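My questions all concern the structure below.
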Amino acid sequence: MTMSNSMRVAAVALVLAFAASACAQTGPASGENATDEDWPAGETMTLIVGYEAGGTTDTMARALAKKLEEELDAQIQVVNQDGAGGQRAYTELANAEPDGLTFGTVNYPTILSTIVDKSKGATFTLDDFQLVANHVNDPRVTIVHPDSQFKTAEDLVTYAKENPRELTGATSGLSGGGHFSMLKLEEATGADFAPVHFNDGQADASAAFLGDHVDVYFASIGDGLEIIRSGEGRPVGVAAQKRNSLLPDVPTYKEQGIDIEEAGMRGYALPAGVPKERLDILSDAMRKIITSEVHQTELRKLSLQSEYMGPAAYKDWLMEQMPTVEHFTQLSKTDQ
Amino acid sequence: MDLSHLIGGFGDVLTLQNLLLVFAGCFLGTLIGVLPGVGPVAGTAILIPLTMGLDPAGAIIMLAAIFYGSQYGGTITSVLINTPGEAASAITCIDGYEMTKQGRSGIALGIAAIGSFVGGMLATVGLVVAAAPLASLGLEVGPPEFFALMVLGMSLLVGLAGRSMVRALISGAIGLLLAMVGIDPVEGRPRFAFGVVHFFDGIEFVAVLVGLFGLGEILANLLESRSASPTTKVGRLLPTKRDLQDSRGPIARGSLVGFLLGLIPGMTGSVSSLLAYGAERRFARNRDRLGKGAIEGVASPESANNAHANAALIPLFTLGIPGSPTVAVLMGAFLMNGLTPGPTMFQSDPDIAWAVIASLFVGNVVCLVLNLPLIRIWTMFLKIPTSLLTVIILVFLVVGSYSINNSTIDVMVMFAFGIVGLFFRRLDIPLAPLVLTLILGPFMEESLRQSLELSLGEFSIFFTRPISLTLLVLAAVIFLVPLVRYLLRDKSQPTSAMSRMREDVEV
Amino acid sequence: MRTLADDDEISARDDGNGSVGGAGTGRRPVADRLIRRHQFAGAVAVAALGVATVIGALDLGYWQQGPGPGFFPLWAGVLLVLLAVIWAGQVARGVALPDETPVGEGGVRRVMLVVVALAALVASLDLVGYQLSMSVFVFYTLVVVGRRRWLESLVVAAVAGFGVYTLFASVLQVFLPTASVGVLAGLGL
C-alpha cells in the first residue's frame, strides 16, 4: 500500500516544519556562545527533581523554577528522576556537566543517608556536589491522639520509658526523617517505641494514625499540619531549633528540655566544579526568590516554611549532620 | 450533606467557561491516559502550569476533569493494541483485545465507557451522600486488613488459570519474584537489584506490562505471520441489548469493588480492577467466557477502575489524605490554588469545594458523551496497513515506556519483557497471574511487615482483628476448595482439570 | 518471500479467528513432538530461574521478627523449581499440552530482525539520542522488514524521530533522551 500524493506532500511539509522547530528548540550549545555577564540569558537549564511529579518537593521546585526563569531570563526544564529515595536523581546530578545549566533538588536526610549507607552503593559523595541554596525546612513534629493521656513531651517520654515497645509510632519510611526523630528521642530520653514504617509514603502513615492503628505519628509539619489543625491530632513537640511559624503554639523539644532536632531541609545543588561566577549568579537569584515575602505566602499554602541557607552555610550544615546521620542510619537498621 | 450547597455548586459549574474547561480537561485527560508513560500522575502534574492562569475554581475543575478523563484513555490502547496505558488498564487487555480480534473493538470501548461512567457516578454519589462515614470506613483498614486483602486477591489466582493450573502458578510465582526486586521493607537493603539504582524501587511494572502485553503481542504476530491489526473489521460501535444485559452484573460488582477499595488509602486502581476481574473469573455465572473476549471482562475492571478513582477522592476531601499518587497530584493542585483538602475544607472554602464536587458529576457525563463518538476515530487506527501500524506501535511502546520515569532503563525492561511475553505465549503460560502477583506482591510484603511491627512479631494480630480474620478465612476457602477438588478428582476422567474445577465450585 | 505487506491480503481471507492452529490458512498443525520439546525447554528454564532465585535468596536474611528479605524469594524459588518439575512431568505424560500456533513463513526471520533492531535502538538511545536512533530504527524496520516504499518510510521515520521528540518536549514537557556523544550533543540531538 502506498500513500496518496497529497498525503505525501503533506507529510513532507510536516516533516520540514518539525525539523525547523526542532532546530529552534536547541539553543546555543552550552557555554560556547553566551557571554558570562548575562549568563544564563537565553539558555535552557535543567532542574532534576528527585521526587514524583505532584509531590511537595516537586511542586515547590516547580514554583521556584518559574520564578527563576523570570529572574535569569532562561528556560528551565523540570525533569522528574524519582526513585530510590532520591538516589537516582543525585546520581544523575553528580554526573552532569558542571556548566551551571543543570541543577537538582537535595533533601536532607536522603542526601546523606544514601552516601553513608554502603548497601546502597552510591557512586557519589558530598564533594561531588556544589550546594547552592536551601529552600525550606520542614521539621519533624510528634503527634499523638487528642484523647490520649499525653499532653506534653514529658508525658509521652515517661510512659514510653516505663513501658518499652508498647507505644507504636508511624513513620513515613525506614531510615527516613520520621524514623530518625524517633531514634533521637529514644536516645536522648531512654524512651522505647515500636516503629511501624510506611515506606510508600506519608499518606499511608497519616491514614494509619487517623485510623487509630498506631499511637504516635512521627510526622513532618507539612504532613501533619492538617491533622493538627482539624483537631485529629495533638502535637507534643517540634524537633527544631526554634518554633515554627506554621505551629506557633507548639513548643520545641528543646524548650521542653529534650535537646533534639530533626530538620527537613530541602534545597538545591549543582554538580561540583561549576565556575564561581555562574554559581554566584544562580545562588543570588535563588536567595532573592526564597527570601521574598511573596514566596512565603506561596509556601504557606503547601504547609511549608522557608529557611534560606547560602552555598557555604548549606554545605556546612550538611557536613555537621553527617556523623549523626551515620550513627542513626546504622541504628535504624538494627533497632526494630 | 446539604443539597442546597450541591445545587449551588452545579450553578457554578454550569457556566460556559467552566463547562468548556470540563470538556477540555476530559479530552486532554483521555489523550494523556492513552500514553503508557504519561499516566494520570505525570499528565496531571504537567498540566498544572497550564491551569495557573485560571481562577482557582476553574483550575481545579479542569484538573479534576483531566484526572478522571485519563482513566478513560488507558483503556483505548488496552483494547485496540493490547498495550495498557497504565497499570489499572492492564487487566482490560485480556478480554478487550480478544474482542478486538473478534471484530468487536467498538463494543468493547463502548462498554468500557459506559461501565466507567456508572462506576464514576456511583462513587461520586457516595462522596456527596456519605463522605465522612465512608472515609472512616476506609480508615478501619490498617496494615493487617490490608495484608488480608492482598492474600484474598492472591487467592483469586486460581481462577485465572487457563488450560494448565501448573503454568498459571508458575506465572504467578514469577510475578512474585519480580515483585521482590528493590529495597526490602525489613532491612532497607537493595534486593536483586544488581546494582541498578533504578531498580531500588522495584522494577517499574507499567514497563513490564507494556512489554509483556504490547510488545509481546507484536512479536507473536510477527512470528505467526498474523497482521498487527488483527482484523480490519470494526463492526458495531455500540453494544447490543444483549451486551448491555450481560454487562449489568459485572458493572455493578466492579463498581462496588472499586468503590470500597478506593476508600482505602494506599490502594491503587490497579488492585481494584485486578480484584474485580479476579472475582468475575472466579464466581460469575458466565465465567467460562472470560479470557476469550467476554464483554464482562471489560465491563468489570473498567467500572472498578473509575469507581476507585472517584472514591479515592473521598479520603482526600474529608481527611486530606491522598489515597494514591494520582490523587496526590490533584492534592498538590488544590493546595497551589488555595484549597486545602481535609476536614476544614468545607468550612473554609465551601463554594469551591462544592463546585468541584458538582464538576465531578458533570465531568462524568461529559467524559461519556465525549468518548462514545471518539470510538469511531480510535478504531480507525486499525485500518492502517499492518507493517506501518506495527512500527507505529513500536515507537509508541518505546516512547511510552521511557516517559514513565524519564528513564531508558524502563525501555530496556519493556524490551526484555516483550521477549518474555513472546515465550509465555508460545508456551501457553498465562499472563494474568503474573500481573496479579506483580501488583499485589509488594503491597503484601509491605503490609505483612507493618502488621508485625504493630504486633511486635505476634502473628495472632491477623486473627484477633475481625476484618482481617474474615478476609483470611475467605481467602483460604477460595484457594483451597478448588485445589482440594482438583487433587481428589476422579483420575479416570481425562477431561481438562480446569473445567471440572469450574463446574464444581459452589462458593 | 512473504512479507508483512502480504498479510493484508491474508487477513481478508482469515476467518477472524487466527489464534488456533492453521485452520484458515491451510498450514499443518504443529507436531505434538515439537510442542513437547518446547514445553520441556520451558520447564527447564523455569527450574533454572528457581534455582538462581534460591541461591540469591540465601544471601538475604531469612527471619527477622517476621519474614526477612530472603523469606519470600526463597520460597518463590523453591515453588518455581517444584512447579517446573511437575510441569516437566505433565509434558512427559502428555497432560494439558497446549496447541501451538504454527510459525509463519519467515516468521523467525522477521522476529529476529525486529528484536535486533529494537535492541540496537534501546542501546543507542542514551548514546546517540532519541531523534537519530528512532529515525534510523523506523526507517530500517519499514524498509527492510516491512518492505515499504523508500520515500514514505523516510517521512515516517522523520516524524517518528524528530516530530515526536518536539511534540513531547514542547507540549508534554517530557524530554526524550539526547545524545551524550560530543559532536551529536552539540547539534542538539
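The letters A, B and C name the chains in turn, as written, and every chain counts its residues from 1.
Definition applied: contacts are C-beta pairs under 8 Å (C-beta built on N, C-alpha and C of every residue); 3 or more make two chains touch, one makes a residue touch a chain.
What you are looking at is a predicted structure, and each value in this text was computed from that prediction instead of being measured.
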Whose C-alpha centre lies nearest the centre of all protein C-alpha atoms? B
Measuring centre to centre with C-alpha atoms, which chain is farthest from chain B? A
Roughly how far is chain A from chain B, going centre to centre by Cα mean, in whole Å? 30
Where the CA atoms of chain B average out and where those of chain C average out, how many Å apart are those spots? 23
On a C-alpha centroid basis, what's the spacing between chain A and chain C, in Å? 38
Give me the residues of chain A that touch two or more other chains. 1, 79, 336
Among the residues of chain B, which are close enough to touch at least two other chains? 42, 46, 186-187, 189, 385, 388, 406, 449, 453, 456
Out of chain C, which residues touch more than one other chain, so two or more? 5, 8, 64-65, 156, 173, 175
In the complex of these two chains, what residues of chain C are touching chain B? 2-5, 7-8, 10-12, 14, 16-19, 38-39, 42, 46, 49, 53, 56, 60-61, 64-69, 72-73, 76-77, 79-80, 83-84, 86-87, 90, 96, 98, 100-108, 110-111, 114-115, 118-119, 121-122, 125-126, 130, 134, 137-138, 141-142, 145-148, 156, 160, 164, 168, 172-177
Mind listing the chain B positions that touch chain A in their complex? 41-42, 44-46, 48-49, 138-143, 183, 185-190, 195, 197-198, 200-201, 265-266, 315, 319-323, 325, 328-333, 335-336, 338, 340, 342-344, 385, 388, 405-407, 446, 449-450, 453-454, 456
Contacts from chain A onto chain C in the complex sit at residues 1-3, 8, 11-12, 14-15, 18-19, 21-23, 25-26, 29, 77-79, 336
Can you check the complex and tell me which residues of chain B touch chain C? 37-38, 42-43, 46, 101-103, 163-164, 166-167, 169-170, 173-174, 176-177, 180, 184, 186-187, 189, 191-192, 218-219, 222-233, 385-388, 390-392, 394-395, 398-399, 402-403, 406, 408, 411-412, 415, 418-419, 422-423, 426-429, 441, 445, 448-449, 452-453, 456-457, 496-497
Partner chain B, residues of chain A touching it in the complex: 1, 52-56, 58-59, 62-63, 66, 79-85, 87-88, 91, 117, 119-121, 165, 168, 174-175, 194-201, 203-204, 206-208, 210-214, 226-227, 229-232, 301-303, 332-333, 336
